[in-house]
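Across the two complexes that follow, chain A remains constant while its partner is chain B and subsequently chain C.
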Partner chain A sequence: MAQALVDLLRDNFKEAVLSSHSHRGDEVAVVRRESVQEICRFLKDGEARMQLLRYIACVDLLTYDTEMTGGGALASNEVPAYDLAKKAPREPRFQLGYNVYSVVRKQSVRLRVELRSDDVKVPTVTSVWRTADWWERYLFDMFGIDFIGHPNLKRILMYPEFQGHPLRKDYPTRKRQPLVAELEFPDLIRGPGPGPGGAGVPMSQTHVGRKNVDPTTYD
Partner chain B sequence: MADGRLPILRPEGNVPESPRLHPGAGEEAAVPVLLTRREDATSWFESKVSGALGWARANSLFQYPFVTACCGMEYMSVMCGRYDLARFGAEFPRFTPRQADLLMIVGTINVKQSPVLLRVYEQMCEPKWVMAFGVCASSGGFYDNYATVQGADRVIPVDVYVPGCPPRPEQVLDGLKILQEKIQTQRHVLHSVERSPEMREDKKRSFLGKLLAK
Partner chain C sequence: MTEHHDDPLALEADLPSSLMTVNLGPSHPAMHGTVRLVVTLDGETIVDAVPEIGFLHRGFTKSSEASTWHQVLPYTDRLNYVSPILNNVGYIMGVEKLIGIECTERAKYLRVLGGEISRICDHLTCISAIGLELGAFTVFLYGVEARELLWDRIAEWTGARVTTSWTRVGGVATDLPPGFVERLRECLPRVMELTHEIDVLLSRNRIFYDRTRGIGVIDGDEALDWGFTGPCLRACGVNYDVRKAHPYLVYDRMDFEVPLGERGDTYDRYILRLREIEQSHRMILQVLDQIPPGPIIIDDWRYALPPKKDVFGSIEGVMAHFKLIMEGMMVPAGEVYVYTEGANGELGFHIVSNGTGKPYTVQVRGPGFPILSALPRLIKGHAVADIIPIFDSINMIGGEVEQ
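And then the complex of A and B:
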């Protein structure tokens, strides 16, 4: 269907399009990071007429090979401790997906940009689609992707005091960064005691099946 | 437990908290201390006044709905015709915290919002009570993640927790009845000066006590 679009891209950007494939009817073109801006400009203004940027998404593949395919971590209800030394990190670690749509042709195509973890920079497409502004701020907030040339690259969802990027796989799952000091409140079931949850254990650690979590990454 | 319901847990609760006036079965009665006749009479009057004030306060709760998420739908339902929280004495939502006694936290509280919640709570005049409406406000619910406060009681003291995602209106009515019971059993004084530490010992009298001492 949208194969013609990918062929068009391949004809016009011979070196920039690294590969392409189709996934359940969605055409995907893996493109080089340096030329993402001109490809987007071509897609919007050229004969493809892709006026609508549906979204920009990002995937962190850091634990993709171990956690997602291992099965063991999914079967257990324990939160796996993030021991990155034991897991083979995957490179390139991040994948950006630009899903663009043409209202006229009623076709969509997805551009994929792969980023290595030591260099998470990509040119902004804010000048092409205005809506890319907030998507790129969102990806900066959640994944720490650095969009070169973005006019206002700051956090959009989290508060400015927040440290780190929460959707990265090496962000501790249960790490909290409270803005106001948390109250010492009594645990109604287990009675009062030291620590935020009573009896020396934080309230959130008293849930079933979560006893083995590393306390340093916890709350 | 007589009606087959789980016992209501009465925590060391909110301000102003005070010893129970009428301890229930199994609880220790207040230890009698030596009283003069005047103090005896004062405390008797005070307990009567407190009962009347508690009755008045429990049945005229003005609520401030702090609606942040999907529980708001259930809040609308509980305020509207079929369930009608007003029947139980929580008549009128006030949309300024300065005119409210009951802060209803309806929905998820995330970390970015917690200073706002704290500010709203601080702006309410004493006496004030807090209801956590739904599991999100009670414990964070299923949002066990970086963005959500794991229960509004991490930010402000909460009097009554209404579980459910969202809770049925009947649960909210039940929670309101429990809160009213709590308010009824609290000690209410007409004019409390006992909280300020710089007050001299002989001035530590309530308004009624002063009146009787004249």
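And then the complex of A and C:
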């Protein structure tokens, strides 16, 4: 059943579908990153009726071939420097997996997009599924993937001052972050009263509580 | 003054008002867990809202990458801490899918039994919280009493009320203790009686009805677009339940219905959970009737720990035990996405293995994450007081949303 879906994709996007395979019942189609938006639009609005974007996964393949098992490897998952020096990092380094599903046809397929480490850009699919908004923000936060055209690409789980992208394999598990200076009193959101909220600009649309605004410039 | 009184339209004229920003949470009793909602108000009306999450972020994926396959289990307990067994089952089914094995027949029934008990607990928590926060404290006490009865059963079965870590690859950790079935059969009628009490207290209650009916409405297509699953999606009339659409374990042998809502409002989301409790109750009784005797875990020492008798009595047992504990089991390389019906929707795990004793990555699709992203859409245009019932009815769980 799901194989028919991959064939449908192949028929309609000859150049864009690079390869396809099936593993443990999951159908995977590797697609070119430039056409991901177009293919998603086709999957959602066409006969496939993939209305539900379940999840966008991202896999960082940096240590896929070098990560060890057992013994010392259990104590930490930090990348030993000698491993990286011995073996060039795997390219393309990132794999995005768009798990989409059709409630009507009860079929699912995974689109895979491969990204090289020097160019982690991919077109956004927020215009196709609204739920992609937060998943893409999540991937930007955790892996530093740059979604071109995303309306609000900000960190979602981490705070804005966080440095680095924690789910990349070269981010050490035990790394400490620098302390963030305490915010000054006028920057806190205190509801009514003078501030950007009263000047016609809703505060929630600005960068809440993070900018150092001089209190004398308030309306 | 007088001309204002003479002109009736003056009373209806818009009062000029400026927008006001109100900060709900992160620490507020009604913002379950710790989520912050920055609401922009025009008078009483919500014009904009931005949910801010991440206060409960614990690095689930990063921690999992540094653990063996079985060491991830305790982390999954803490994803949805109200129905941990459903998370345990979801994760371990992903590992089994990667390996390509199935658990034993009895373990399948046990997983369904544990899962449905957990689902009742989760729905009871959600319903009680809606009642509590709309002023019906009695409902909360009834709900918690029923939930405690079930959690007591889970505690004597798995050893813990909520941190169960109870599944294993190829089976489960503990069989039903002696006398468990009798005690469960004894306490189930009381649970259903309390659920019925909640039903008659709330469902036709004028105040409750007025505060939930027609509030936070969303239709099926839009809900799918936002990534809704579970009770929140079925409240919009979309028939998607993983247990029916893609039956796993022994759900194909269970006789149950998928209740559907019509309007997709807060009331539908509430009433649907009540109906689902009844269906879960039906399934529990069927499991108790059908459950076969037999082993609770497979007899393959590459994946399952050997029995203690063999560990202490044979060299093969010692070796298998040592390898499993020190290195973890070797899961063949591959990538799978596995999905089960969690209490609040589709619980997905995206698991990648590079063929070693620890997962290369484990990523979780918490059902609450996409639903919470639609919260601004649901509350926009309503009054401040409507935030609470709407937020309660989507039953966002901080543990799984913020990982």
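Here is the rule we go by: the second predicted complex is superposed on the first by the 159 of 219 C-alpha atoms of A that agree within 3 Å, B and C clash if a C-alpha of one lies under 4 Å from a C-alpha of the other, contacts with A are read in each partner's own complex, and residues count from 1 in each chain.
The criterion applied here is as follows: a contact is a pair of C-beta atoms (placed from the backbone, for glycine too) under 8 Å apart; a residue touches a chain by one contact, two chains touch by 3 or more.
Owing to the predicted nature of the structure, the values given are computational and were not obtained by experimental measurement.
Novice: Quick one: is A:Arg110 in contact with chain B, with chain C, with both, or with neither? Answer first, second, both or neither.
Specialist: A:Arg110: touches chain C, not chain B.
Novice: Have a look at where A:Leu52 lands relative to chain B and chain C in the superposition and call it first, second, both or neither.
Specialist: After superposing on A, A:Leu52 lies in contact with chain C but is clear of chain B.
Novice: Given the touch rule stated above, what does A:Pro151 touch, chain B (first), chain C (second), both, or neither?
Specialist: neither
Novice: A:Tyr159 contacts which: chain B (first), chain C (second), both, neither?
Specialist: Both: A:Tyr159 reaches chain B and chain C.
Novice: Which chain, chain B or chain C, is in touch with more residues of chain A?
Specialist: Comparing chain B with chain C, the partner touching more chain A residues is C.
Novice: Taking the superposition on A as described, I'd like to know which of chain B and chain C A:Arg176 touches: first, second, both or neither.
Specialist: first
Novice: Applying the document's definition of touch, where does A:Asp26 land relative to chain B and chain C: first, second, both, or neither?
Specialist: It touches chain C, and chain B stays clear.
Novice: If I apply the document's touch criterion, which positions on chain A are contacted by chain B in one structure and by chain C in the other?
Specialist: On chain A, the residues that contact chain B in one structure and chain C in the other are 157-159, 166, 173, 203-204.
Novice: Would you tell me which residues of chain A are touching chain B in their complex?
Specialist: 157-159, 166, 171, 173-180, 182-183, 185-186, 188, 196, 203-204
Novice: Name, in rising order, each residue of chain C that touches chain A in their complex.
Specialist: Those in contact with chain A are residues 18-23, 38-40, 47-50, 52-54, 57, 59, 61-63, 65-68, 97-98, 100, 221, 224-227, 229, 238-240, 245-246, 326-328, 330, 334-337, 339, 346, 348, 350, 352, 354, 356-358, 360-361, 363, 365, 369-370, 373-374, 402-403.
Novice: Chain A touches which residues of chain B in the complex?
Specialist: 9, 11-12, 111-112, 114-115, 118, 140, 144-147, 149-151, 153-157
Novice: Going by the contact rule at the top, pick out the chain A residues touching chain C in the complex.
Specialist: By the definition above, chain A touches chain C via 23-26, 28, 51-55, 57-60, 64-65, 67-71, 73-74, 76-77, 97, 99, 103, 106, 108, 110, 129-131, 133-135, 138, 142, 155-159, 166-167, 173, 189, 191-192, 195, 197-200, 202-205, 208.
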